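Next, two complexes with chain A in common: one pairs it with chain B, the other with chain C.
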Partner chain A sequence: MKKWIAVLLVSMMAITACSSGGNNNEGAAEGGSADKLVVWAWDANFNVKAMNLAKEAYQAENSGVEIEVIENAQNDIIQRLNTGLSSGTTRGLPNIVLIEDYRAQSFLQAYPDMFEPIGDSFQASDFAEYKLGPTSVDGEQYGLPFDSGVAGLFVRTDYLEEAGYTADDLQNITWDDYIEIGTKVKEATGKDWITLDPNDLGILRMMIQSAGSWYVQEDGKTADLKDNAALKEAFEVYKKMMDANIVRIHSDWSQYVANYNSGEVASVPTGNWFTSSITAAEDQSGKWAIVPVPRLANNDSVNATNLGGSSWYVLNVPGKEQAADFLGKTFGSDVDLYQKLVEEISAIGTYMPAAEGEAYKAPNEFFGGQNVISDFATWTNEIPNVNYGMNTYAIEDILVVEMQSYLGGKSVDQALADAQAQADTQIK
Partner chain B sequence: MNIKARTNAISWSFIALAVIMICIFYFYPMVRALMLSFQSGTGTNLSYVGLDNYARLLTDSTFRTALFNTFIYLIIQVPVMIILAIFISVLLNDPKLKFKGFFRTAIFLPAVTSLVAYSIIFKYLFAGDGLVNSLLMNLHIIQTPIQWITDPLWAKVTIIIAITWRWTGYNMIFYLSALQNIDNSIYEAARIDGANAFTQFTKITVPLLKPIILFTSITSTIGTLQLFDEVMNITQGGPGNATMSLSQYIYYLSFRYTPDFGYAATVSYAIVILIVIFSVIQFRLAGDRK
Partner chain C sequence: MQRMFDRFKYNGLFVKMFLVMLVSIVAVAVTVTWATISMSERVFMNTFSLTNSKIIGQIEAAMDTYNYSVVLTANGISQSGTARSFLTEENGNSLEQNNSYYSMGRMFSQISTGLEAYEVGIYITGTNGRSYATERTFWPITDSELRQHPATERAIAEPRRLLYQYDDPREAGIADSEPAVVVTKAMMDRSSSTLYGVIYFSMLESEFRRFYSSFTTPGNDVAIMGTDGTVISSNREDWLGRQDQEWLAHAVQMQEEGLPYLEANIAGTSSILVANYNPSLGLYILNIIDKDRAIGQFIDTDTIILWVIFIVMLALIIVFLISRRLTRSLSLLVKQISTISKYEFDHHVSTTGSFETRQLATAFNAMMDELQEYVSQLVHTQKQQRNAELSALQQQINPHFLYNTLASVKFMVQQGSKEKAAEIINSLISLLQNAIGNASETIPVSQELANLRNYVYINHVRYGERIKVNYFVSPDCMGYHVPKLMIQPFIENAFFHGFSRKTEGHIYIMVSQDGESLLCEVVDNGDGMVLDAENHLPAPRGKRQQFTGIGVKNVHERVRLLYGDGYGVTITSELGEGTKVRIRIPLIEG
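For the complex of A and B:
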């Protein structure tokens, strides 16, 4: 008898520990209300600064509106939104929130009615087309497109020279060329060509989007892994890179940045938002260039793609009209604001009229006088539009495992077929 | 109302508050979680799907990997830790030992550190160019750095080293207090009868420690099944999902992927069932039949 009581107590401890992962609301202290707009964003040097610039611009004309920008880590925002929205109460939620494009559909479709359509407060057609898919549902615009995730290939020109190349040799190349050049650079300098995190397949996402393909089909729901030609080639390129012995492995963000700032690694294909991390190593000024990302050789692929990027959303809480007005008059139409974003934080928006401004044409000394902003803005317009769907990270976690099996000897077709089978059971 | 009924009523009123609280905060969430495990959908769009979630559990290879990983941790880490804890506590219980207080504090200290803080420190210690690799290479024990975090096998080893470091001292304290309750005259009698130190340990110390061994192995088993902080912070479940634990999978299902709280609740019930099974087995093995 005593034994069973003990077992019962033990299992009770376990159940409560398991089920307590639910709701830890922060109370109503910062809840949305009509007289104050609360904004959640991550990255103090980028998104939060951008929002503060917008706030200054708006308050210059609407002095009565109080706006509070709160910085949270992106993972915390996701978790707090999920707990808040699924509990059915809007207490403690902000008026405006920043959501990564890959995750946007997940929120918009999992919590319909909780987000406010804001298509009336700005011209959606003024924004880069590829940003409109992730930010809308059934033709209704929910998000105001913010930063461009337009990608470029950042490369050390001094290492290239040692191997007998210049940045011009890297214009509009394929990934195979990229690996070949990397091998030469490694031979000449002993430096690794690229650093990768086996848990983060961002480079695969860049490759397949450049070919207009994604982990899911155009409906955003059906997993598209088996027989996905672009994904198959991306897998093969990834393996070639590993086999060429030009890859350094890192396991977190700080190691990633450190690999470049210490001069140990010579190139990085990534989103433009990485610029500020590269320029943080001031001693490397003049030694970097940015060229278009490589393309896939055997697929209909362009030398332009996207990595990351996010947009602003208005929650369906009191103050939503004010919030929509604020976004519309700042990020939705203010060309001057976009010039400031470029000058002060090198943030490239996706508002097309802004590209005509002066700040977009200024050369950047760190990159040897290259007009990096205007280059990025040009590439932005070439990025193929894909539907990210709502399961990007769930599928990617499956692919991470299959990638390891593929590197370990499984055939690529088998790896993708296995991934497809798993994704089909997981996504409904 | 006779006296007996009155005493009964008074006794019940004393425990009523506790009973009500337990019902609200333990049993109600348990029942709700069980109901949730029969539903599926994204976010708030949940609908009843019967046993679909449990069927999905059986075909879910990520769940299977997480379960396998958890078992590996369990089978290797718990015995290693328990044996280590007993060993250390017996050493520290030696009446002739000097600086006893210092050693006890030193070995218990890891248990008071924050889970997240120590995980992050371990992550840097075991990084590719971290202290552990530099040390081993400078001592010429290894030629090339070990990929502690990014190799599937070594990543598991790293996690096991980390949790052993964190929890051995905690378990040691239980053994130490139990050892102090063993009457010294038993050992004296054994010595007079000619028992050597090893015999004393196996025939006296271990049997008398049995209730504590049972307690610590059950709490450690539960702790391992609920392993989260270390994996999340040191390896994030990687490489691939080579170190993913069940609790981390629950977190991912709820907060990393498009939320499916129903299926996440199903996985947590799978943990519950496992814990019940393990506890019964351990009680049986310990022979505590009454």
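For the complex of A and C:
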């Protein structure tokens, strides 16, 4: 009896829906629609929080716009974007998505029509120049630069002092100087100077970008390994560090952080986003300083570089104008928002006018009163612009193997030449 | 009230019949429904347990595949020299460390290919304090926490076994984490039997659940239970991590007794339990089915009962109509028969209704006819007999009368009144002629009157004329017939008994037409008398004076015999005033 009633009700509803609905539900089935913006981002404590702050700021003035921020793991976002975009349908895709800068070009170039140019919504020149390369294609701005991956060298001042150095001695040094100081520190304290993961060559990326070089040529496609002077020097520096026996090895992020928090390792050249991991060890407050990253000695290198960082992209789905407007009015121009990002999640943006704000000038007691945000903002502007191209991680996988061969005795030129040969066959 | 009772009385048959049918139909319906439901429940239980054991088989197959990948990987890692040296050697210089970690990475990517299909994180920890992890997101636990972890202790306690363990990092205060299923295996040096490390395969419990989640529905739950009774995975999140010896006991019982299923009270609900122990996994797979919900899905008891009620109602309505139709004609017949009063044999009952009732009514009517015929024959015979009797009486001329009259004539002759004597002889001859000679039963009033005059004349001659007799006969009544000697006995009675005290008086004889009947009255103004209760005249004291055998008493009887109950003799009398006799008979034309 109940089933009959249910069937009856359902069929009645179906009839009603058929007669009245029809054309107003089609839009809702798509991922985005004009009245609701869907955002995909990873890392609940950083990117998602930042987007939520922007959402609050935007909704204060545009109360009619609903914005839903969905957290997904970065790998899931990549997989789902690739699936969705290559199938040609926009069903289930968000309006706004966060993409890591190293991967941005692979998406922008593989799916040229699926991303919306948003250059008109904000002033691209207000952003750090190095962010514009990865977020644009052929001069057309697709991404709104978000967090800065600006790198610094975090060092334990107490260990430096034991070896007779101060943080000032590390200002604007070369990697060779860095190794030399590290050797002394190890001698004095027995602590390793740096911790590395043999499977993650982030340090190489930092080194070559400081010299305005990358794994690929400026076209973003051709592998640039053999005869890449900056890369060659970076390889050599890497081996020197190993040879100097100042390197501790870790296998994953947890061990990486643990190595610093436990006080086993004295310095870490990395992106500014690592600040929160350092400050998590509250007992080490006042024992750290942040100095500019070392530069390569033999190349046209600066003491500023980048590691990681990502940007917001608008997909070509219904609601794209609204999405572009949202990004333009928040991350694209809202100085106050950037102050909040710094205060609440220590996120440093790449929007240069924001550096004038109060929060950027506040001293950080953990780092002995150093104006770390201000320093990072300054270094951000010095980061050389490179084209990350489409295949950063694919090439790096090749380099990981060649690096081990090099460490095992192969000549650097041979290692790079072999890598080049492999990359050429794999990428093309 | 009375009418209702009457109705019940006449519909008693119907009511009884209907009640019996009602009780039988309801009883049959209830029994059949109950039998159907319990039978389908049994069938359901059997098929369900059968399918669910197959489902368990499939779950096991899925888990076995995973388990096999884990075993292969664990064996690969255990047998790997790289892993062994990584976990046993001392920290060398940077380059040595680099080589070691790098080779570990290479080894993992080679060995763990079997696990790529699963979202698994592999950790290994060594006695030298080193550890290596491929992926920590599923089980966000640090190296130092891992060393203190109960899972590690259990793995070391049972070094030769692959152990499936449950861990909820939230209990250890790690926020943003989810329960995980961790497979542990201790790594042992074969030759020296010394432990040098532990391997952990971590998988989100929600991921592990995918081995069986497609088989679960609300009320059909699966729990994966370790040999210690801990639920390591279940689609019911409230069961996760619970350690229940009772469940374990149920599972062990099923395993030992080879039961296909077990009915038990699981977590407060009556459930069907299907369990299997997988020795290679060291896990019990429990399929727990909420009996009410599962059977409720399979057997729609409500619908069945509603249908049965509907059918029963329909049957009752049909039975009601048919049995009422059947019994109605019968009760109508009964009602007709019962209202026929005792002697109304000429009444017929209506022959309507069903065939049986019609036959019955026809038979009844025929019987009634025969009965009536018989009775009327009997009545006729009796009447004839009585008539004959009365006629005989009528024709018996009292010899005393004749003797007395003839004695009177003798006196007259002796006294010389020849003419008077001749008169008497004439009257006697005429009287006798009428009484004996006329054979027909009725005579015209005029003739009866002549008889009366003759009779009165004889009496006057014999006893003197102190009692005068006056005749008032309506002339239009002269032609009507009356039974012979109908009035004579009353005059006789008045003559001989009405005037014992009074010495003289009158007798009036009146004949008139009263409506459709003829009224003959004999009124005297004599002594009068006390009548008995039934207005009968007292019995005559002697027969000497009577003319014929008919006394006054027989007249009434005779009239009624001849003309029916509506006619007869009524007598009223008052002491000192006289007696009045009224004879009523129908108008009979000659």
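FYI, the second predicted complex is superposed on the first by the 398 of 428 C-alpha atoms of A that agree within 3 Å, B and C clash if a C-alpha of one lies under 4 Å from a C-alpha of the other, contacts with A are read in each partner's own complex, and residues count from 1 in each chain.
Following the convention adopted for this analysis, a residue touches a chain if its C-beta (ideal position, glycine included) is under 8 Å from a C-beta of that chain, and two chains touch if they have at least 3 such contacts.
Predicted model only: the values in this text are computed from it and were never measured.
Applying the stated contact rule after C-alpha superposition, one finds that A:Ala73 touches chain C and leaves chain B untouched. Once the two complexes are laid over each other on the shared chain, residue contacts for A:Asn199 go to chain B and to chain C alike. When the two complexes are overlaid on their common chain A, residue A:Ala280 makes contact with neither chain B nor chain C.
Applying the stated contact rule after C-alpha superposition, one finds that A:Gln404 touches each of chain B and chain C. By the touch criterion defined above, A:Met241 lies against chain C but remains apart from chain B after alignment on the C-alpha atoms of chain A.
By the touch criterion stated above, A:Ile249 is placed in contact with chain B and with chain C alike.
Partner contacting the larger number of chain A residues, of chain B and chain C: B.
Of the two partner chains placed by the overlay, only chain C lies in contact with A:Ala44; chain B stays clear of it. Chain A uses residues 1-3, 198-199, 249-252, 255, 404 to touch chain B in one structure and chain C in the other.
Partner chain C is touched in their complex by these residues of chain A: 1-3, 44, 73, 192, 196-199, 241-255, 258, 404, 407-408. On the chain A side of its complex with chain B, the touching residues are 1-3, 6-7, 10-21, 75, 78-79, 82, 85-86, 88, 106-107, 109-112, 198-199, 249-252, 255, 390-391, 393-394, 397-398, 400-401, 403-404, 422, 425-426, 428. Interface residues of chain B, counted against chain A in their complex, comprise 25-26, 29-30, 32-33, 40, 42-45, 56, 59-62, 65, 123, 127-128, 147, 149-150, 152, 218, 222, 225-226, 235-242, 247, 250-252, 254-259, 261, 264-265, 268-269, 271-272, 275-276, 279-280, 283, 288-290.
For chain C in complex with chain A, the touching residues are 93-95, 97-102, 104-105, 131-137, 140, 142-144, 176, 300, 302-303, 306.
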